[in-house]
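There's a structure below that I have some questions on.
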Amino acid sequence: MSGKNIIFLVLSLFIPVSLAAHYLEWGDLIVFGTACLAILPLAAWMGAATEEIAVVVGPTLGGLLNATFGNATELIIALVALKAGLVDVVKASITGSIIGNLLLVMGLAMFLGGLRHKEQKFQSVVARVNASSMNLAVIAILLPTAMRFGAQTVSQQTLQHLSLAVALVLIVVYALTLFFSMKTHAYLYEVGVAETVEEEHYSKPNIWLWAGVLLVCTILVALESEMLVASLEVATSQLGLTALFTGVILVPIVGNAAEHATAVTVAMKDKMDLSLSVAVGSSMQIALFVAPVLVLAGWVLGQPMDLNFNPFELVAVAVSVLIANSISSDGKSNWLEGVLLLAAYTVLGFAFYYLPVA
Amino acid sequence: MSGKNIIFLVLSLFIPVSLAAHYLEWGDLIVFGTACLAILPLAAWMGAATEEIAVVVGPTLGGLLNATFGNATELIIALVALKAGLVDVVKASITGSIIGNLLLVMGLAMFLGGLRHKEQKFQSVVARVNASSMNLAVIAILLPTAMRFGAQTVSQQTLQHLSLAVALVLIVVYALTLFFSMKTHAYLYEVGVAETVEEEHYSKPNIWLWAGVLLVCTILVALESEMLVASLEVATSQLGLTALFTGVILVPIVGNAAEHATAVTVAMKDKMDLSLSVAVGSSMQIALFVAPVLVLAGWVLGQPMDLNFNPFELVAVAVSVLIANSISSDGKSNWLEGVLLLAAYTVLGFAFYYLPVA
Amino acid sequence: MSGKNIIFLVLSLFIPVSLAAHYLEWGDLIVFGTACLAILPLAAWMGAATEEIAVVVGPTLGGLLNATFGNATELIIALVALKAGLVDVVKASITGSIIGNLLLVMGLAMFLGGLRHKEQKFQSVVARVNASSMNLAVIAILLPTAMRFGAQTVSQQTLQHLSLAVALVLIVVYALTLFFSMKTHAYLYEVGVAETVEEEHYSKPNIWLWAGVLLVCTILVALESEMLVASLEVATSQLGLTALFTGVILVPIVGNAAEHATAVTVAMKDKMDLSLSVAVGSSMQIALFVAPVLVLAGWVLGQPMDLNFNPFELVAVAVSVLIANSISSDGKSNWLEGVLLLAAYTVLGFAFYYLPVA
C-alpha cells in the first residue's frame, strides 16, 4: 500500500469525527476543520473511481465522465455554498481554484519534482491547447469585472444579463473543446491518456464496484460540504479571516486536494506533461465549466450569482495566467521555478489576507 | 468569375440604392444600412487596384502605396466622421479595428481554414516583426488612457499635448518600419510578397486603368462615408446601440471588410502565413499610421482628438493582443483555436453592448 | 586606452568640480548636474573593481560579490535619499530602474548592435531563468499597489505590513536564486561567465589594489549622492520636473549608467546573450534585492517605505515586462526592435513628464 493511500485512510477517520462534531455540537471551528479534512480522501476516491469507470466505458464516454466529474468536489462544495447564499465565497473560490492550480499545484509539482530531477521537460501539445482555452476562458469570466473600468455605475441587472450570456458562450466552447479532444483531434490526446492508464491498470476493473464507490463518495462529499458550509462563516471569523480569503485560499485547497496530490505525485516520477495537464486542465475546467454552471445554477436556485469579482481577484488571476504561460512556454522546469511560483502564491496569499473588506 | 466577385457585384447594387435612399429620404436607418453594404465592394476594389498598381511601379514605391492605401477605407470613414465631430465614434473605431482584426478576422481565418485542414502551420518572420511593432504601437496609443490610473484629474490640454507627442513618435516609428521592410531587411518580406503575386498575375496590368478604378472607388467611398456618418447617430439610436458599440463593433466591420475577406480566403487555401500577415499587419497599420494621422488631422480640422479611450477599451485591446500573441507563438492553428478567438470576440461584443454610457 | 575609458576619465573631472560647486555654493542646479556626471565614472570603476576581485576570490564568493555590489550605486543613492526622507523619489527610482533596463538599455543595445550586425541571436538559458525570476519579482513588488483595485481604502499600516512581508519573501527568493546559480545549477551559468572573463583578463589582478579602488569609489559615490540628494528637490523644480519624473527617469539613468555602458558595448561586439543578461539581470536584482532591502532599511531608519507605487508606474512596469518578454522570446534582434523599445521608453517618458502630481 502506497504512502498516499495510508494518508487517505487516516484522513478518512475524520468522516465519522466530523459527523460526531456536528451532531454533538463541538463547536463550528472543529466541525469546519474536520469536515475539510474528511473531504480530502473522499475527493481522491471519487477521482480514482471516475478514472476506473472511464477505462471500462471506453475513451469517448470515459472522457466525458472525466471532464464532468473532474472537478466534482469543487462543484458540490460550491453548489451547497450557493444554496446557502454564500455567493461571495463561491465567486472567490472560482478565482482561488484558478490561482491555486496555476501557482500552488504547478509550483509544488515543479519544486518537489525538481528536487529529485535536475531538469524536467514537458512538451505536450495538450498542455498548449489547454493553455489557450484557459486564457480565453479566464478572460471571459473576468470581463464583467473589467466593465467597472469602463463605467462608474453598472446596474446589477446588466451584470446579471452579461454574466448569463458569458456563461452560455463558455458552455458552448466547453462542449466544442470536448468534441475537439474526443473526436476531431483525439490523436493529440492519446499519449497522455496511455501514460496514465499504463501505470494504473493490469486487470479490467469492476465497473459496478467503482460506480458504487463513486455514488457513496459523492453523497458523503455533499454531506461534509453541508457541514463545512454551515460552519464556515463562524469558524473563519473566529480565525480572523475574511470571506474573500476563505474563498480564495482555503476552500480551493480543500476542493482541489485530489488534483494537487496527483499533480505532485506524477511530477516526482518525472511525468511533467501529465502533471501540468492536470494543473492547467483543472483550471480550464473551472473557468469553462464550473463557473458557468454555477452562474446558471444560481439563477435557477434564486441566488443570482454574477461574474463581478473583486478587482484584485482580476489582477491576481491575470498575474497567475501570465506566470503559468511564461513558465510553460520554455518546456523545461527546475526547482527554482517551483520556488518562484510558490513565492508568488505566498505573496498573493498575504495580499488577500490583508485586503480589507470592501 | 469567383464566388467572391459575384458577391461584390451584387453588393455594388447598393451604391445606387444608398444614393436613392439618401436623396429620396427613405430614412436614416435605410441610408445607414445601404451605405454600409455599398462600401464593402468599393473597399475590395480599392485593395485590388492598389495591389495591381503596386506590381507595376516596383517593390519600393508599391510597398509604400500598399502601406498607405491598405487601410484607406477605414481612414476615409474616420476622417469624414471626425470632420462631422463624431470624435468618440472615431476613437472607438480605432480600438475596434485592432480588436476586430486580431479576434474576428484571425478567428474566422483559423476556424474556416481549420475545418478544411486538420492543422495549419505558419512561421513567417514577418508575422513576428509585425507582432512586436503592433504590441508597442498598441501600448503607445493606450498610454494616455492609462494615465487616468496615475492621477485623478488630467486636464484636457495635457491629454491633447501627450496625444500629439505620441502621434509624432508613432509616425516616425512607422516610417522606420517601412524603411526596415523595404530597404535594410527587405529579404525577410520577399517570400510573402512572391506568394501573393504569383497567384494573382499572369500579365502585366494596365496601370492607368487601375489608377482610374482607385480614383473612382476612393471618391465613391468618401461619398458613401458622408451618408453613413450623417445617418449614423439616428440610425444606431433607433437600433438601441450606443456610440461606443457602434464605433467598436459596427464601423470596423464595414471598414475592414476587404481585409476580412482576403484573410479568410487565403486561410482556406492553407496560406496561414499570408492570412495572419494581413490580420496582424492591418492592426499594426491602424495603430502606427491611422491613429496618429487622425490625431494630427483632428488638430488641423479643429476637432481635437486625443487618445483618451474608454478604459474598458484598454482592457479589451490588451486582452486581444495577449490572445493573438499566445496563439501566434506556437506556429500552429486548428479550428478550436478559431472558435476560442471568435468566442472572445463574442463575449467582448456582449460587454460593449451592455456597457452603459459613461 | 579605449574610448570608454577616456570618457570616464574626463567625467571624473566632475568629482572635484561638484565638490567645489557644493562648498562654494554655486547653486543647486549646478551641484545636481555635476554630481550626476561625477557618479558615472565612479559607478563604472566600482563595477570593474568588483569583477576583478570576483575573479580572484573564486566563483562562489565572487558571484556573491557581483550579486551584492552589482547595483551598489543605485542602492547607495537610494539609501541616502531615503535617509533624507525623499521616499517618493526612492520608490520611483525602483520602477524607473526596471523600466530603464528593459526599454532604454535593451533598446540601445539592440539598436546600436543592430546597426552593425544585420541580425543578432541570443539563446542563453540564463536569460530565461532571469526573465522568469524578474517577472515574479516585479509582480510581487507591485502587489501592494494593485490592492488599491480591490479596496477603496487600505490603511497605511496594512500597506506597511504587507510590504515588509513581501520584502522578506523576496529576499528569501533572492538567496535561493543565488544558491541555484552558484550551487545546484552552476553549469547553466558557466558559458556566460567564461565569456566575460576570457575577454578581460590575461594576468591575475592584484586584489588589494582593487579592494582599495572599490572602497574609495564607494565612499566617493556616497559623498556625491549626498550632494545629489541635497540639491535634487530645488534643482528639479527649477527645471520644471516633478518628483515622479525625476525618480523614474533621471535618477535611474545616473544610477545604472555603468550597466548601460556595458550592455551597449558588448551588444556592438555581437555578444547579445551577455548584453541581455546584464539588462535583465540588473532589473531582477533591483526587484529581488534592492527594493526589499530599501523597504527593510526604511523601517530601520524610521522612514517607513511601503511598496505602494503610483498606479501608472504599475502600468508602465507591466508594459515594459511584456515587451521585454515578447522581444526576448524569439531569440533574435535587429535595429528596428531596438527602435521599438526606445520608442516605448520615449512615450513612457512623455507620459511621466505630463503626469500631474496626484
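Assorted remarks:
We call the chains A, B and C, going by the order they appear; numbering starts again at 1 in every chain.
One rule holds for everything that comes next: a residue touches a chain if its C-beta (ideal position, glycine included) is under 8 Å from a C-beta of that chain, and two chains touch if they have at least 3 such contacts.
In UniProt terms, the chains line up like this: A, B, C = Ca(2+)/H(+) antiporter.
Everything quoted here is computed from the prediction, not taken from an experiment.
Path length between subunit A (Ca(2+)/H(+) antiporter) and subunit C (Ca(2+)/H(+) antiporter) in the chain contact graph, taken as the least number of steps between touching chains: 1. Residue numbering shows that subunit B (Ca(2+)/H(+) antiporter) and subunit C (Ca(2+)/H(+) antiporter) use the same positions for less than half of their mutual interface.
For this pair, subunit B (Ca(2+)/H(+) antiporter) with subunit C (Ca(2+)/H(+) antiporter), the centres built from the Cα atoms lie 40 Å apart. Residue numbers of subunit C (Ca(2+)/H(+) antiporter) whose C-beta contacts span two or more other chains: 329.
On the subunit C (Ca(2+)/H(+) antiporter) side of its complex with subunit B (Ca(2+)/H(+) antiporter), the touching residues are 118, 310-315, 319, 322-323, 326-327, 329-330, 334-337, 339-341, 343-344, 346-348, 350-351, 354-358. On the subunit A (Ca(2+)/H(+) antiporter) side of its complex with subunit B (Ca(2+)/H(+) antiporter), the touching residues are 128-129, 131-133, 135-136, 139-140, 143-144, 146-147, 149-155, 158, 161-162, 165-166, 169-170, 172-173, 176-177, 180, 184-185, 325, 329.
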